[in-house]
Amino acid sequence: MRPMKVAITGLTACSGCQLTLLNCEDELPELLGLCELVYFPLAESGNVLDAQFDAAIVEGAVSTPKDLELLFSLRNAARVLVAYGTCALFGGVAAMNNTISCRRDLLQTVFGDAVQLPESFAPAPLANYVSVDAAVTGCPPEKQEIMELVAALAAGTLPPARCYPVCTECRSRENLCLLLEKRELCLGPVVQGGCNARCPATGIVCEGCRGPVREANVAQELELLLERGFGREEVERRMSRFKPGWNYGQRR
Amino acid sequence: MGSVVEIAPLTRLEGHGSVRIYREGCRVERVELNFIDSPRLFEALLIGKSFAEVPEIICRICALCSTVHKVTALLAVEDALGIEVSEVTALTRELMLQAGMIQDHALHLYCLVLPDLLGVRGVAELASVAPELLKAGLAVKKAGNTVLETAGGRLIHPVNICLGGLGRSLNKKELVRLKDELQQALPAAQEAHRLFSTPFPFPELPEPAFLALQPSDRPLGARLCRMADGPTFPLRDYRQHVEERVVGYSNAKLSTVQGKEATVGALARLNLDPDLEPLAAQLFATHKRELVGKDVRSNNLAQAIEMCHAIERALRLIDRLIELGPQRASAPAISPRAATGSAACEAPRGTLIHSYSFDAQGLCTMADVITPTALNQGALARDLLALACAMEGEETTRMTTALERLIRCYDPCISCSVHLLTL
Amino acid sequence: MANNFLKISRLDQFLETLRLFGELHAPTVSESGVHRFSPLEDPDELHLDYRRTQIPPKKYLFPFREEILHYGGGGYREGHSSAGDLVIFGVHSCDLEGIAYLDRVFLADRPDPGYAARRSRLTLVGIACEPDDFCFCTAATESASCDLFLSAGQDGYHITSYSARGSALLSAADHLLEERAAQPSPAISGPCYPAQDPELRFSDHPLWQKFASTCVSCGACSVCCPTCYCFDVREYPTLSGGGTRIREWDNCLFATHGEVAGANFRPDRLDRLRYRFLHKYCGFTPLQGMSSCVGCGRCKEFCPVDIDLRELTVAPEKVEP
Amino acid sequence: MKQPQHSPHVPYAAHLIERRDLSEDTALFRIAPEPGALAELSSFVPGQFVQLSVPDAGEVPISPADLPTPEGTLELCVRRVGHVTDLLHKLQPGAPLGVRGPFGCGFPLPEMAGHPVLLLAGGLGIAPLRSLLMHLLRHRDGYGEITLMYGAKQPKLMLFRQELAALAADGGMRLYLTVDFAPEQLDGSFSCALGLLPDLLKGFRFDAADTYAAVCGPPPLYRCLISDLEAGGVAPDRILLSLERRMRCGVGRCCHCGIGQKLCCLDGPVFRASDLKGIPEAL
């Protein structure tokens, strides 16, 4: 089988998603056998961008003209474009303040008005600019998810999606429910599972790093949290950590 | 006739960067180092967030360094709010720092530097040219990862460490398993120095001004910054000593410490009274002449020695944790107050400083993060120019290859450095 | 072998005897304080005064996630079900009835191989319980769907055997037992909440709307239910070629449950709650007309929004506004 | 690999022999299962379904479009709609597949014997009905008049059009075709009405009291056709519908395919209209 030509890169992000891939020590040799990494600046020299790719795996949100330029050229060159990680899918941490402050103010807070500010706009998911064929969520995604993705791409398909909230796996692991038993601010009911409820399993609430689950009952979750004495502002701040602009009235 | 050579993107390092060499004929006029990662603006994003959220958000500044960022942020917030933690918590945190050191050095040495030594493009080719070496390196990296994942609940952006305590403490079974893993990785880490003491095919560079935290035997309790041949200053006064400057072409800032371009990282630490574990101390003694007072080309060797040290130290921490037994997690009640706190840790790449202020409700009013790469950037720019000048007249590709290798000696982490801070 | 009595002081020795029949599992408390069935390494970890475990013992027969098939070399083959002999001690009668119900589903016509293999190596030792506020049953009952059942007596347990394996256990433990006249044993349990009229699901009861708007589709109710067994099947290729087909617990309250390409037969949460009602309390072919609710009270205890579908059948005046 | 007692969820190995495109998104796949599958497959009754495995993607329920050959070869007419069917459509002859079944209840053939049969197919609904049609034609003398009414959106989406025309020309059945609309000029080779399937049925005179009707198509079509058939005098227990649901196991355990208290995979997929009365979510 001809190895797939793959591009792996990041836009506005922390490289965690790409690193997750490099952290698959055991699987890496097999993975490298399936892929020809034509463009992977994090780990390779001699990258070629003007090629045709079987797949482009892109981490990060779009927040600068350079991001956009890279994204467009990858979209044009790749048969399958994968939004890899929460930032690429929902905007992620970089976008958390999108609905409450304007980009220019943020830039000024950091750079002062001493010099010319870098060009940057509100970080947005890839899908705001290009069509996306597949998605892997998580901040960072689970190793097994990226392995599943690569294996599926090599087989000419995509991995089937899981569609349940964090609570489902959390309960199945016999964790203590932090929302019910400790009245903590857990976002498990409205957040996409697949992480095997990592955080609640260590006794830490789900911070929502995988973005909304399908048909999240956001309004009810908000009510649950308000009932437990959290302020509306705090809840909104927490929910928008990985995805700005939830619809707080949504029930289905 | 002026010409410009550009190396873009810089590869096999974390983040997006480029280098431009401006030449007049064959004379090198100027070298420009650009860190072009998209601005992440963390210091601005954190304003208005509650103290408990700060460490959880700031670790996303950089995946590679997420553990040390999270630990440093926790220490800074705890410093501000006057929170004490238990010994188990402190040990677990330090264990994670050491594990971060192991996995980070292993990643950098085996995946990013080794290809230079063997003249290949990257990991993929490495897998076919030197599969055994790569495997050995990955095994060391994996041992670090396993510790991070088990102790932190997740490898990148750890979840288990939190303000004032831990989600859960490790049980004996887990600790014993981690000990096993680390012991298995030790021999390879002990051998690594052989690979990375290979001399560089390019000329000597200016002597660095090393900077590291003190005391060196208490990674979580550093209170002082020490500069070689300079005065030692308390961490909380860092703003009076570290100066930062915006340069138009780069999205990161250049910093100077007491007017000098400081060098931080493994080599700096080994130059400033390191407190090494036995095996690492032996290695250090063997290589002393290649390390002490040497330029940054020796940094990779220093990393290899530190990798061994970190494993030994982690083993010791685990022994102590086993002795103490698990601790029932009970997070202290934390009451917000208006305060400022600072903390610093030695990250794999060097000194990392966090500082935060909170209002009476516990909402963040100021956030400041100084990363090792930001600290190193001045020295890096200086060395690039020096090297380019020293190689004047050489073939362009030879020069660019050498410059890229020099950059990898510093092991810069651009993601971290491009966040910038309030002036 | 009637009138067998085990003094509480001999319980530890009795447990040791049980170990001869397989790995011993029993109710314990986890680090974070959750009741669960887990391997019993030390008798001190035993928590016999538990009300209910978060996950019922169905996890032993029908794991949350299971590799049912492997694909490779041109064909599919059965995933490994490396089941060893297992003894579960201290199961309440509701959970025993839950297993009896699952047996009807998975051991009927064309038995499920993984389930059947595990079931055949499972020894169940039941124990009497005390219902709490969440339980749907009203009195402690005894279940016959086990190998042995321990009903509480003064300073010990009366033991009844309900199978050949149970009798074998008793003979092995003979030296620990003494004769004591059995108390009149409590009613033998069965599904605890009676079968309901399927038409009720279309009643205009106001609770339907309330439930539909408050349920967060977290999945807890069915994950924790001893008789919920809906599953999803997905196939994942592996890096080395070949693939794995997994089976994982599903929940009828998820949007995908009734979805087909281009349509959803249960598009709203309300439709899905009705489906749940119908399946739980009215039964599907071939168990039509049979309620599967054994009264363990888990769905009520673990639902974050206190949904209890049985309230639909309680007179409206009893329902809180 | 042979197994002493074949497990209900292990597919028999099979491979793709040939594929023939029928329209843009639908193709006919001929697959050859390993000999071990024959014993089960030979019990196939039209209307039953098999679970087709496409390695790396998963498993989908499909109603064979013809009776299995004596060697066990199956013809499956599959539309590309999603995860599994996408990969299936990318496969080349020789590709490995898997098959389990047949499952469910097919058409009640003994009961239909001697009666006229009216087949009503909408769109892809022709696939399951084609195996019934093939059975009827092969046992032509055992049944009364056979009529197929088949509606498609437009001419190019009409599956098996030459083949059906040829069968009709042989005189074994009456064939009525209709398309919702015809963007291009219809060629003269086949006659085809313009309009919906129910319109076609309205103008049709037949011995309703004696007829069995077999219907398969998209859900909205059922409601309309059932009431028309009933109004026309066909007894509800002689109106046979082949329904589609999400299915995971095919053997009554995964519980996705409930229709009222029945399971589509065990009690169906062929149901009588009379069975579905009072089950609002059935259609």
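When the chains are written out, they are named A, B, C and D in that same order, and each has its own residue count from 1.
Criterion: a contact is a pair of C-beta atoms (placed from the backbone, for glycine too) under 8 Å apart; a residue touches a chain by one contact, two chains touch by 3 or more.
No experiment lies behind these values; they were computed from the predicted model shown.
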Using CA atom means as chain centres, which chain is nearest the centre of all the protein shown?
A
Between C-D and A-B, the pair joined by more C-beta contacts
A-B
Cα centre of chain B to Cα centre of chain C, whole Å, reads 51
Just how far, in Å, is the C-alpha centre of chain B from the one of chain A?
25
Centroid from C-alpha atoms only, then distance chain C to chain D, rounded to Å. What do you get?
39
Between the Cα centroids of chain A and chain D the separation in whole angstrom comes to 42
Residues of chain C that touch two or more other chains sit at 32, 234-235, 237, 243, 250
By the touch rule stated above, which residues of chain A touch at least two different other chains?
152, 155, 157, 160, 203
Which residues belonging to chain B are in contact with no fewer than two other chains?
168
Residue set of chain B touching chain A in the complex reads 9-16, 36-41, 43-45, 47-50, 53, 56-57, 60-64, 66, 107, 111-112, 115, 121-124, 127, 131, 135, 138-139, 141-142, 145, 153-157, 159-160, 162, 167-168, 246, 248, 251, 329, 404, 415, 419-423
Where on chain C is chain D touching in the complex?
68-69, 71, 74-78, 105-106, 110-113, 198, 202, 229-235, 237, 242-243, 245, 250, 252, 257-263, 265-266, 271, 275, 278-279, 282-286, 288
Can you tell me which positions in chain C touch chain A when the two form their complex?
30, 32-34, 36, 53-55, 59, 64, 213-220, 223-224, 234-240, 243, 249-251, 254-256, 268-269, 302, 304-305
Contacts from chain A onto chain D in the complex sit at residues 152, 155-158, 160
Quick one: which bits of chain D touch chain A in the complex? Just the residue numbers, please.
56-58, 83, 86-87, 90
